[in-house]
Amino acid sequence: MPDLAETLSDITARMLAEPERGHVADYIPELAKVSPQHFGITVITADGQEQSAGDAHVPFSIQSVSKVFALVEALQSHGEAVWARVGREPSGSAFNSIVQLEAEGGRPRNPFINAGAIAVTDLIAAGHEPREGIGAILRLVRRLTGDPSITVDGAVAYSEAATGFRNAGLANFMKSFGIIAGPVGNTLDVYFHQCAIAMTTRQLARAGRFLMNAGVCPDSGNAIVTPERSRRIAALMLTCGHYDASGDFAFKVGLPAKSGVGGGILAIAPGQASIAVWSPGLSPQGNSLLGTQALEDLSRAMGWNVFQP
Amino acid sequence: MPDLAETLSDITARMLAEPERGHVADYIPELAKVSPQHFGITVITADGQEQSAGDAHVPFSIQSVSKVFALVEALQSHGEAVWARVGREPSGSAFNSIVQLEAEGGRPRNPFINAGAIAVTDLIAAGHEPREGIGAILRLVRRLTGDPSITVDGAVAYSEAATGFRNAGLANFMKSFGIIAGPVGNTLDVYFHQCAIAMTTRQLARAGRFLMNAGVCPDSGNAIVTPERSRRIAALMLTCGHYDASGDFAFKVGLPAKSGVGGGILAIAPGQASIAVWSPGLSPQGNSLLGTQALEDLSRAMGWNVFQP
Amino acid sequence: MPDLAETLSDITARMLAEPERGHVADYIPELAKVSPQHFGITVITADGQEQSAGDAHVPFSIQSVSKVFALVEALQSHGEAVWARVGREPSGSAFNSIVQLEAEGGRPRNPFINAGAIAVTDLIAAGHEPREGIGAILRLVRRLTGDPSITVDGAVAYSEAATGFRNAGLANFMKSFGIIAGPVGNTLDVYFHQCAIAMTTRQLARAGRFLMNAGVCPDSGNAIVTPERSRRIAALMLTCGHYDASGDFAFKVGLPAKSGVGGGILAIAPGQASIAVWSPGLSPQGNSLLGTQALEDLSRAMGWNVFQP
Amino acid sequence: MPDLAETLSDITARMLAEPERGHVADYIPELAKVSPQHFGITVITADGQEQSAGDAHVPFSIQSVSKVFALVEALQSHGEAVWARVGREPSGSAFNSIVQLEAEGGRPRNPFINAGAIAVTDLIAAGHEPREGIGAILRLVRRLTGDPSITVDGAVAYSEAATGFRNAGLANFMKSFGIIAGPVGNTLDVYFHQCAIAMTTRQLARAGRFLMNAGVCPDSGNAIVTPERSRRIAALMLTCGHYDASGDFAFKVGLPAKSGVGGGILAIAPGQASIAVWSPGLSPQGNSLLGTQALEDLSRAMGWNVFQP
């Protein structure tokens, strides 16, 4: 196996030099301010080695990567009842599509598209003040990283709420089918704040370690989820983690991963590595262009691929 | 790890006793004659061990499992040009849906739904007589199994052709977009025959060995596909192998697999096992009901799951 | 031509005796309280004759019939700019469908489905307090009828707002595409109030007279709209006035008409009659079951049909 | 009322001078050869006056205008059973869309989209040789016009069949749902031939006279259809005659009409006129661009509009 530090250094050099960087998300004004020149990557291996390269210390908005943490939180608090709200199938549609909801009684296809994540967040939010819901998700992320400094970027959260009409459309639509229990405004408030959590790739790779480790947080030795749930969350990340480019990502990279429109991706090589990469420019499907390329290069170089014998 | 023979025996006993067996496919008259009481399973491990239980010697119509072999044949003969014809994304729709084709210029989402498999078969069929096309696929299957007796069930092939109006609809529709090159009738002829290939679970598990083995056929030591292609075919099986129940199968079983409406499923545990199971009763999505259940039990019992650390 | 009073009396007797009355709308709790036994009808002819039968003095919630008045108000205040917001095509979908919006950039197909009416109302509402918007529509209806007593049923308006999540979904979704200019809450407030306007069939038939009369209100002789706009509004009523049963209504009745889920229908025989009918039980498409039947009988009896030579 | 001859002459002069002429249909090679410079129009009034201008003597391919004649023939031979095969609703989709079929059990929305017309033609074709089916439609057209010279353009019919994969897709898809009774090839054969009937505007206007005349052919005094059926066919033409531009045509022109991709349109002013116009350049929705414009001008000039008091 090649040297990890050297591999990351090579990949980072190539990515920094890449002229085609994709387009930074501009539908949330605050995100549009971020430079597409950024590239950062962190890998933490199962034996505890940690390697970073590039802008691994620069916080970015994790956006939809937060859907993984919200799902974990909802599974911890509501167990299998989560699956009455959302399915486990790729949607075949864009991240913010509403078409499938109308045909299928308002139940989102999976927890990693916007509608599904809002339905999951509603489970966490319902019956509480919004600050309690976002507090629960933040506490989980801080516990997973051992870093109490992680917090919500208020400017991004405000920007999301001020422009989040499509998500408000999805939430109200689901409410009309009874898929959302709480007041729509509260649920969206939690959702917009969880999307606005800011993390570095070092923090995000740390937060993902339990998923490479059969559900156990390596710091404490505590089970965050059971081994079965850990495998199942990974399966969902593989089949649904990149919206309607999930199949292509599985084909090329072969790792469970979840992307966000802030340009971050969390990828898991079960039993081998937790990987976080960040580059703000996006593909047309809304996934980090260079982040995806870097993961393809890394998985090939290190032989990390769940379909590898 | 538990004893494989005992595990298969236990699973088979449970499956034979299961009262809820699903519904045998009835849209092809010849398939409707098969008894839902059948259950057979064969596992071949990476070290060459082979274990079967139940009706492992009874031939059944492999139907859509043939899509894997057609894809391999097309990749061998046409290389990456295959991907100009079909995508690599889950469709989010039923196995015979035409809706997505209209919206996306006639290009099927992936090679494992009917439209995609017809487009792949057209690559094999075009410029040849139909019997040459089906001959190429049969030769591949015979080579993979080392069994020259495998052939097409003529009655099933005739039954498919006589009732295959939906597939004729898909093929003509794609032809109108230029996705099908050859005469539609020839392409369908090859397609209907490849679906009608009859195999036992023993034969099917043998045919799948190269996919557990990084693309190499263990009998000859010859590479059927490169290791990368082997991983990528497995990725497609995981994300697209069970139509619009693919996500749920990945969630519950965690193995690349391809099902057919004849009730067969070929599943691969990379580096560990090639598994074929058969039970003719289907779920509403068109996948073997007890076959899926058996694979869930087997994967849990043996710890075969690509998301397992 | 048969005697109008006798014809209405016969129709009303048949409708009151009809055992199959459809289902009263139950998604707005306040509407669910209305008895399906009601049936009322009023016809005002071009020469000023007015005939009623049945419950012509009982106020009911006009619901989507208000979409005609909102369109007239928006055309008066914004002219042809209305058509930048909504199209003029039948949608082929249910009254509250969101699917078409996603595919067509958020622009509703026509002003007589919910999304289109909300977009039209937004033109009236934007830049004003909600009570000014609803005031403008009420003033128009009072002017058309000469009846200043017509008002909003506050309990229905409250009930609509409390349960109108689907409409809130549509409005937010359109807002995300820039089709809604004002604050979503304000626009919905006006929309829910206009739907809750209560009228009798006598009042509603009076309000429709300008449309049988080339746009001129017969009381004042003032043009409400130009003759061309009057014809065009009638065309929209014929092609889009009954959601996805509009074609069947044109086929059977042959008159421009607009229905509402309160069970009211306003139909126009140009140059001949303004007709209002009310019976609360609905067809599966959301149109008054007996109201439609009564209009079919009336149009056949009186020879009122725009396709009649 | 203005002078008809002068009005037609003015319109024709304007249309001949119009620089923007649309695009001639090119998916049928034979149609692509026709010059977009052509413009012809014929009006026959209820009192028997006939006026033409422009290329009224040049035969063109009537294409989908034939759907009106096929519907009449099927209603004559099969009565109301026609409506078990096709609906009476605007489709909200393109002329050759297949999406709606999948969602609605293979039953086309109306007889004036391709799928619906094929289903209607199948009623005429089933149980007969293809030449008998096309013979029945030709006999009807010859009877309506009193012109036995009208026939099928063989080159166009051949061109349609050789490239009609989309229609073959629709037909096979419907066959899979049981909506097509006969052999698909036979039904398509009749369909392709009826589309290839060649007529001049003079002939087409003559063929439409019964629809302005309550179903009675003015030559013979014989009823082709009952007055009710005549009104109902007109209603279908108004709501469905221009594919997904039907609403806009009703809005602007206000007359029942059926267009074809050959550039012809047959329009009916009930009790007033039968109008045929031809100009081969099409709008994006597949309707004659200048033909539509000419009808808008003519209907305004003559006051022919079903929504006119």
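Quick notes on this one:
Labels A, B, C and D are assigned to the chains in the order they are written; within every chain, residues are numbered from 1.
By definition in this document, contacts are C-beta pairs under 8 Å (C-beta built on N, C-alpha and C of every residue); 3 or more make two chains touch, one makes a residue touch a chain.
Here is each chain with its UniProt name: A, B, C, D = Glutaminase.
Small disclaimer: the values here were computed from a predicted structure and weren't measured.
Chain centres here are C-alpha means, and the one lying farthest from subunit A is D. For this pair, subunit B with subunit C, the centres built from the Cα atoms lie 54 Å apart. Look at where the CA atoms of subunit C average out and do the same for subunit D: the two points lie 32 Å apart.
Between the Cα centres of subunit A and subunit C there is a gap of 47 Å. Here the touching chains pair up as A-B, A-C, B-D, C-D. Residue ranges of subunit D in contact with subunit C, taken from their complex: 46, 87-93, 100, 109-110, 212-214, 227, 230-232, 234-236, 238-240, 244-248, 250-252, 254, 256, 270-272, 305-309. Of all residues in subunit B, those touching subunit D in their complex are 97-99, 101-103, 165-166, 168-176, 184.
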